[in-house]
Amino acid sequence: MSELFDLPSDLQNSYFGLVALHLREALIPVLVGLLVALPVAQLCVRLRWLYAPVLWVTTVLYAIPSLAFFVILIDYTGLSELTVMIPLAVYSLVVLVPAIVDGVRSVPQETLAAATAMGFGPVRRYVQVQLPIAAPAIIAGLRVASVSSVSLVSVGMLIGNEGALGNLLNSGLTYNQPRLIWLSVVGTAVLALLVDAALIGLRVLLTPWMPRATRKNDARTLAVKEAAR
Amino acid sequence: MIRIDSVTKRYPDGTVAVDRLSLEIPDRSITVLVGPSGCGKTTTLRMINRMVEPSEGTILIDGVDSRQQPVNTLRRSMGYVIQNAGLFQHRTILDNIATVPRMLGWGKEKSRSRARELMERVGLDATLAKRYPYQLSGGQQQRVGVARALAADPPVLLMDEPFSAVDPVVRKGLQDELLRIQEELGKTIVFVTHDIDEAVKLGTMVAVMRTGGKLAQFAPPAELLSRPADAFVEDFLGADRGIRRLSFFPSAGLDLLTAPIVAVDATAEQITAAGAADTPYLLVTDADGRPLGWSEPRDLTAGEITADRLLPYGRPFVAVTDSLRAALDCAVLSPTGWAVAVDTSGRATGVVPQQAIGEAIRGAHAQTAADEARDAEPDEDGKAQKVAP
Amino acid sequence: MNVLNFINSFFSDNAHWQGYDGIPTRVGEHIQYTLMALGIAAAVGLPVGLLTGHTGRGGNTLALIATSARALPSFGLMVLMFILLGLGMAPVMIPLVVLAIPPILVTTYEAMRSVDPAPVDAARGMGMAETAVLFRVELPVALPLILSGLRSAAIQIVSTATIAAYVSFGGLGRYIIDGLYQRNYEKVVGGATLVAAMALTTLGLFWAVGRLAVSPGVRRRSAGGAAG
């Protein structure tokens, strides 16, 4: 049974080592993307005119194929993890900005007015009112970003074996071992589903105020927005 | 005639929306279904065009079971108006209205010219024809909804809370418009509302329904106001049904006094003559006979009458055509307690004191009681004629 | 800036404009892969999305399918299909179709669900047949959102079709993969530029289709929701 997860020695890693690496390469960019997206989104909410051009720029960025993005970066960052992670961070940013803007905009005007009337300052109002209410939309964005990030890391294999679980694809072909390719594909898919499930769990935890039925509905409306990326 | 014959609607989960309801909806008149939410009024309406299929009972259209014909043929023979109009946002106003004629296979040009005709009928400016629904106000959209329902000239019009979503001023306009259109076209209209005032204003017959889909009372509005069948109906009618009922008594019977009216440029003799009527107040009018205000006779001096020193006269009622409710309202609004009657062009035709209106009301009540005693179950013919409030 | 230099020299090299590895051939191949994958995905996703959206049933199943499909890594799936099925079109098409179905399916479903129920009720009440309700009342209103689903599917296919080159196929990915192995960055950048240009052209095409196919009465209303 243990042979199932045995890897060729040239990978210099165990299967679960690759899983951990995969997670790191996929999720750190999402986190960075989120940290950049929050202020950018807030700016777009504040300055309405800014949103349309920002949307255009993000759409164009998203149109650059990941593989090309990786390869172009080699010239600057070499054959390293960073080369894989920078494009993934950009894609995450692209998915998250509209998600956060939509989420923050979906906060009812009356709620904001009530918060202001109660004496909330702009920062407090943002952190304590707008962000929590926008949380479902933001998490929906995070789900799309992390699932696609997990999937895209594999492509990093092409640039000097920086694809974590994706590296198994190359080994599988080289040593003609389909088992390794199965391990890569199934492992990546399960990883994506687990990250997705974890984020759903996070949303349930963060939004106890949402009625069950609405939450379900909401998940479906968010599904469109996710799918529309 | 539409006949609802002990119809029940029971949903799979066991809820009974309509419970053994029987109603005879008279032709060429407005029948209003009214009641609190959950009373099954909309379900009843939707069973007429089979948007909802009855669980039990039958609905007969001109004596034929509505299930005899294909459902879409049935629906195309009935206009259908809903809350918020439900316009097709991707079609122009003209094409929205032309929908049913097009479905019935009329040519494009014929359908459109018919649609133009209807826009005029419901009071929509012809310049709106090429607009899209989002460019129209809520009231205008609702007019388009009515025009669309009338497009194929169906004998029956089903209206489901059509005016509930517009503001009160627009709603009043739409109601008046509907009454006017109905006077011209004489459709059989079934109208659902939760607003009892709307029901009383529009209905020839009013069916009050109660929660659980049961009929509480089916009567002309005047009878509803004078003799609510039970505590539920009485409660639903609201507190001032006595006053509202006066809308159904014409002011024709009032004795109008013309003597205590003087023009603003009256001579001393005319003022003295008017004072001889021995009323506490005189009505001063302008040179054309339009009311200006009240004054005590001793305060009037020929040539020195100014409008700003007169007492207000409230809102005059139109003699004969307005109801006793309007007359009473006028008397109550004026600090003198006297009401001013005018003709349709606004010239004063007489004045009448509150006491006289009170007597007229008592007389009207006595008359109604006598009528009702004569035929214990008054049918449609026996109902009081409705006059403008 | 050297990226611009790369682009310039790539496109000004005559050798890149002819032959089996010329730009016209590779662009043609890329368009072919894209249209095939989009066509198959749409043939599956649109009818299913329209029908489930119209009836309102099966939304949760759809969401589940979409989530699962999205979790499958396109690159890995292609390699897997390659070793299972051998060299051929199928190993390239399967991952692209799997990639494109979720956005088409879910967006179409949601587009149909988000149609205002009042006009649909009015249409039925007027005696409109069920197919007419679907195609003449719901579809025109749902169209902008459906197009946005097709658009994001198309863009993802355009960008992902590059991986076909890894399993010996053509398309614009050829330049990127070959350039990578030959350490010829000019080629890589040139290929990437072409793919990005194709993605933008796709955006433009969908914008034009939207202008032509969507009624002004609907376009105005959904103007705010055009975010992609």
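Letters A, B and C mark the chains as written, and numbering starts fresh at 1 in each.
In the analysis below, a residue touches a chain if its C-beta (ideal position, glycine included) is under 8 Å from a C-beta of that chain, and two chains touch if they have at least 3 such contacts.
Since the model is a prediction, treat every value here as computed from it, not as a measurement.
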item: Per-chain CA centroid nearest to the all-protein CA mean; value: C
item: Reference chain A; chain at largest CA-centroid distance; value: B
item: Distance between chain centroids, defined by C-alpha means - chain A, chain C (Å); value: 20
item: Chain A-chain B separation of Cα centroids, rounded to whole Å; value: 60
item: Interchain centroid distance [CA atoms averaged], chain B/chain C, Å; value: 57
item: Touching two or more other chains - residue numbers and ranges from chain C; value: none
item: Residues of chain B whose C-beta touches two or more other chains; value: none
item: Chain A residues counted as touching two or more neighbouring chains; value: none
item: Chain A contact footprint on chain C (complex, rising order); value: 2-3, 59, 63, 66-68, 70-77, 79-80, 83-84, 102-103, 105-107, 110-111, 113-114, 145, 148-149, 152, 155, 158-160, 162-163, 166, 173, 176-177, 179-180, 185, 188-189, 191-192, 195-196, 199-200, 202-203, 227-228
item: Touching residues (chain side chain C, partner chain B) in the complex; value: 116, 118-129, 132, 137, 140-141, 214-218, 220-221
item: Sites on chain B touched by chain C in the complex; value: 46, 49, 51, 71-77, 80, 82-92, 99-100, 103, 132-134, 145, 148-149, 158
item: Touch list for chain A against partner chain C, complex; value: 55, 59-60, 62-69, 71-72, 74-75, 98, 102, 144, 147-148, 150-152, 154-155, 157-159, 165-166, 169, 172-173, 178, 181-182, 184-185, 188-190, 192-193, 196, 219-221, 223-224, 226-229
